[in-house]
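Labels A, B and C are assigned to the chains in the order they are written; within every chain, residues are numbered from 1.
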Amino acid sequence: MKRIKFLLVVSVLVLALGIASLGVMAADKLPVVIGLQGPITGPYAVEGEMTKQCVEIAAQMINEKGGILDGRMIEIRVADDACQPKAGALAAMKLITQKDVVAAIQTYGSFVVLPASDIYEKFEKVNIAYGATITDLTERGLKYFFRTCGRTDTQAAFFADKVVPFFDAKKIAIMNNNTSFSVGLAEETREALKSKIDAGEVEIVYFDAINPEETDFTVPLTKLRETNPDVFYYTGHFPEAGLIIRQAREIGIEATFIGGDAVVNEDFINIAGIEYAKGVYQTQEALIEYFTNPEAMAFKEAYKAKYGTLPSSPWSVYAADALCVLAEAIDKTGSTDSDDIADYLRNKMDKFPSITGPIGFDEIGDRVGSSINLYVVNEDGSSSICDTK
Amino acid sequence: MKIVLEQLLNGLTIGSFYALIALGYSMVYGVMKLINFAHGDLFALGSYLGYTLLVFGSTYATVTFGIWGGMIAAMLVAAIGIGIAGTLIERIAYRPIYSVGRLPAVVSALGASIVIQNGIMVVWGPRPQAYTSQVVPSVMLNIGGIKITLMQIVVLVISFILMGLLFYIVQKTTFGAAIRACALDRSTAALMGINIETIIFFIFALGPALGGMAGVMVGMYYRKISFTMGWNYGLKAFTATILGGIGNIPGAMIGGLLLGILEMLGSVYISTAYKDVFVFLILILVLIFRPTGLLGEKVAEKV
Amino acid sequence: MKLNKNIKQKNSISKNWLIIVVAILFIILPFIINAYWVDVLFFFGIYALLGLSLNIVLGEVGLFDLGHMGFMAIGAYTTAILNTIFGIPIIVLLPISAIAAGAFAWLVCSPIIHLRGDYLCIVTIGMGEIVRLTLNNNPFGITGGSNGVYGIDFPSLGSIFVIDNSTKFYYYIWLIVGLTIVGLVNLQRSRIGRAWNCIREDEIAAESTGIDVRYYKLLAFVLGAGLAGVAGNVYATKLMIVSPESFSFMESCMLFCIVLIGGMGSIPGVLIGAAAISLFPEVFRAFAQYRMLIFGAAMVIMMIFRPGGIWPRKRGALKLESLLTKAGEENG
């Protein structure tokens, strides 16, 4: 009896798998399918949600104009990776094994992009990252990997060259959250400040990491407070940053609080409470509110019409950029072959007018033409740009 | 010196949260010899219940009763709600399994933990929520040069009152003696005329209720709550329970407070990144030299 | 007596048929389904190997181990670091990872092996967490912190036998699992296996019959860790990256559940448990957020209605008659 049960279970399983895969293999429809990998669930779900919305709006805009490749519509296929490397690898595999997926837009979180991009490269699928800024990503000689966002070394240089003089800061505290991106940004900032440190102009009085899964940072923050910094640069992510700013202010840290590019978004303001979030600065890539080029205006209008507000972080807009760029490459080369697309992106795309400005890619896949700015959070939760010239 | 005091208070505050949750683990384990893995998630559920009452109910409670009234209302609601939840879990997930053995109960407890955690996610959404500033007093004080928030004082006071209350009940009353008797030897206690059913009901109601109240306080103190918070706190509290000696109620309190202070020491003197490693190492050392925990008694094994 | 013999033969024949059918199914599976599901089955294989490794500690000896992923992490990182820094081939690193994990187990378990049930539990949790946290903090700069180590090669024997796609990995892991099962079945029937089971049932009785409890417990841990190290090696080379959060406490809990849901000490049970834990979330992906909720509820229901596991260990009892027959035969 037991053996029969066992055989039954196994056969049902095989049947289920067979049916499931059949369902996927039979997909040979007309639309051009672009995969989107992102954190739809998990603590970074707000970013994943915004990204999905932005990419869908961008696709909608292109489809309304008639689609690409002679009237084929763009279809977005979403794969959730909950911002984790293993889930990211599986999500990448899921997209790759679906034969109709032409290219992928992936993902938020440098430590997820790393393994995923390796997999896409192995299976020769063009993939464009939108939320992964660590410098190493494009230094690996990958052929099919691009990114529409910036790099941490640019951000670190901006901090050292423009932000520190803006606040006339002498003592700087840098805290990170032990993730690769955060540590990378912190260390590159320290590197960028080296010349100033050697010349005796600035001093890094605090450099340590916290564990982002904790909720109580009063102990390390008290330690930080005692070093008396002028400026507190936090290079981690928004879930714990909200707690950090509030606890910092409550125990009496008066230093100017500056976040890295993963710190400020609507969840941050919600968690910190607007009374603590206002006055927070951030070194950030271009926020959508500030773009006035026609593509941006059209995008903003379409997004606002459907969702009421604007996306609160740049990464989701970069994903939309990635879609526009892919659509353009497919249309102009007239093919869905990865080599053709990669070649076009790398060599032939030059100042393509996209939502966040003109886009091109250099030899190693980095975006040409992005900028970092200093923003401050206002009373109503929006951000204003600061003039750091 | 000032800083030392401040850090000490920080450590004690975290420690009192751990202690309140650890009490729940210890009570259940002492009598039932069962590790209630779902306890940490009940604590998270309490936090969410308080949040719902205070924030979703259009801050009705706060408007009607003022901030302090709102907080007390939230804690009462959480206590009652989680107390009920605790007894329900016992009925559904544990009672059918007592006779079988301890290991299936662990799996069942893990299953219950997953159900509660994901239940919270389904009901309230996966994004972290926040106790808004209207419902939380955020006054900063400066006592003798030490910076401390009002909320910190409130948390410490309430935690110590609750712990003191429980200590009194368990150590000084007849009912408490009954609980301790059950922890020592359940079958003999039954023979002595103690109503085991009542005891079980009590521990599965009171332990989680304390956890629920701790949840509301954590929500008010840190403001951010997420459906995964139960896991982290639960693990730390469980560590505290073992540190103090599992099954030992004063031990759980001491273990919790000690854990908070150890975390603080590790963070200040070693490195914030390695503080958890430090804590676990201490735990292992303690167990090597005192296998039944700090306050645990060596019970001879019957052959 | 003749009747007994016939029944015995019949039982073993149908058992053999069962094994052959299942084996054939396994071999032709990758050709029917698409690459994504082959990958899922690969992870099923990994979980099966891990389940078997924990089964030694938890199932056979009854030791409460909730930190088993720590051993897998040691194996995985050993492979990752030695391969990316020194270029040592993966195949060579397979036994090295096993030895590293086993040695680590021996080192850390020796001082705590005498602890009683629940205290051992918390210590193993602590060990697992210490490993994960230390790896996360990038000591000496070799573990890459929370980013982990990436760029790991594929296993290869010369340039012909390179395992570089999903199907090949599938066969690779299941070959390893198959060999492991053969080894473990033999272990179960040997003196060591019997000593383990004896310790599980009643430690004091075991000690009083002369079994060196401490030695056998340590042996179980070292063996279990070694197998977990092998799993770590294969896992690392498949994903091409290792990072600390793959080895969390939650994963150790899942391993624990695999052994218990499948059936403690039962090898087919562990396989079924691994299937349940790894395939369930995939098959139920359609339910989106309710997926884990159903999973947790299933665990509770499972324990209420079948606490022994899906396929509990059957104790082979030697019938007195057959003993007599054997003795009669031996004596001629």
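Keep this in mind: a contact is a pair of C-beta atoms (placed from the backbone, for glycine too) under 8 Å apart; a residue touches a chain by one contact, two chains touch by 3 or more.
Only a predicted model underlies this, so the values are computations on that prediction, with no experimental measurement involved.
By C-beta contact pairs, the most connected chain pair is B-C. In this assembly, the chain whose C-alpha centre lies farthest from chain C is A. Mean C-alpha positions place chain A and chain B at a centre distance of 37 Å.
Averaging C-alpha coordinates per chain places the centre of chain B 34 Å away from that of chain C. The set of chain A residues that touch two or more partner chains comprises 41, 178, 209.
Each of the following residues of chain B touches two or more other chains: 126, 273, 276.
In chain C, the residues that touch at least two other chains are 136-137, 289. The touching residues of chain A, when paired with chain C in their complex, are 2-3, 6-7, 9-10, 13-14, 16-18, 20-21, 24-25, 41, 84-86, 89-90, 93-94, 96-98, 110-111, 114-115, 118-119, 122, 140, 178-180, 183, 209.
Across the complex, chain B meets chain A through its residues 3, 6-7, 10-11, 13-14, 126-128, 130, 132-133, 138, 140, 147, 149, 218, 222-224, 226, 228-229, 232, 263-264, 267-268, 271-273, 275-276.
Those residues of chain C that touch chain B in the complex are listed here as 64, 111-112, 114-119, 121-123, 125-127, 129-130, 133-134, 136-137, 204, 249-250, 253, 256-257, 260-261, 264, 289-290, 292-293, 295-300, 302-304, 307. Across the complex, chain C is touched by residues 29, 35, 92-93, 96-97, 100-108, 110-119, 121-122, 126, 231, 235, 238-239, 242, 246, 273-274, 276-277, 280-281, 283-284, 287-288, 291-293, 301, 303 of chain B.
Those residues of chain C lying in contact with chain A across their complex are 14-15, 18, 21-22, 25, 29, 32-37, 39, 136-138, 144-148, 150-151, 164, 166, 239-241, 243, 245-246, 268, 272, 275, 279, 283, 289, 311.
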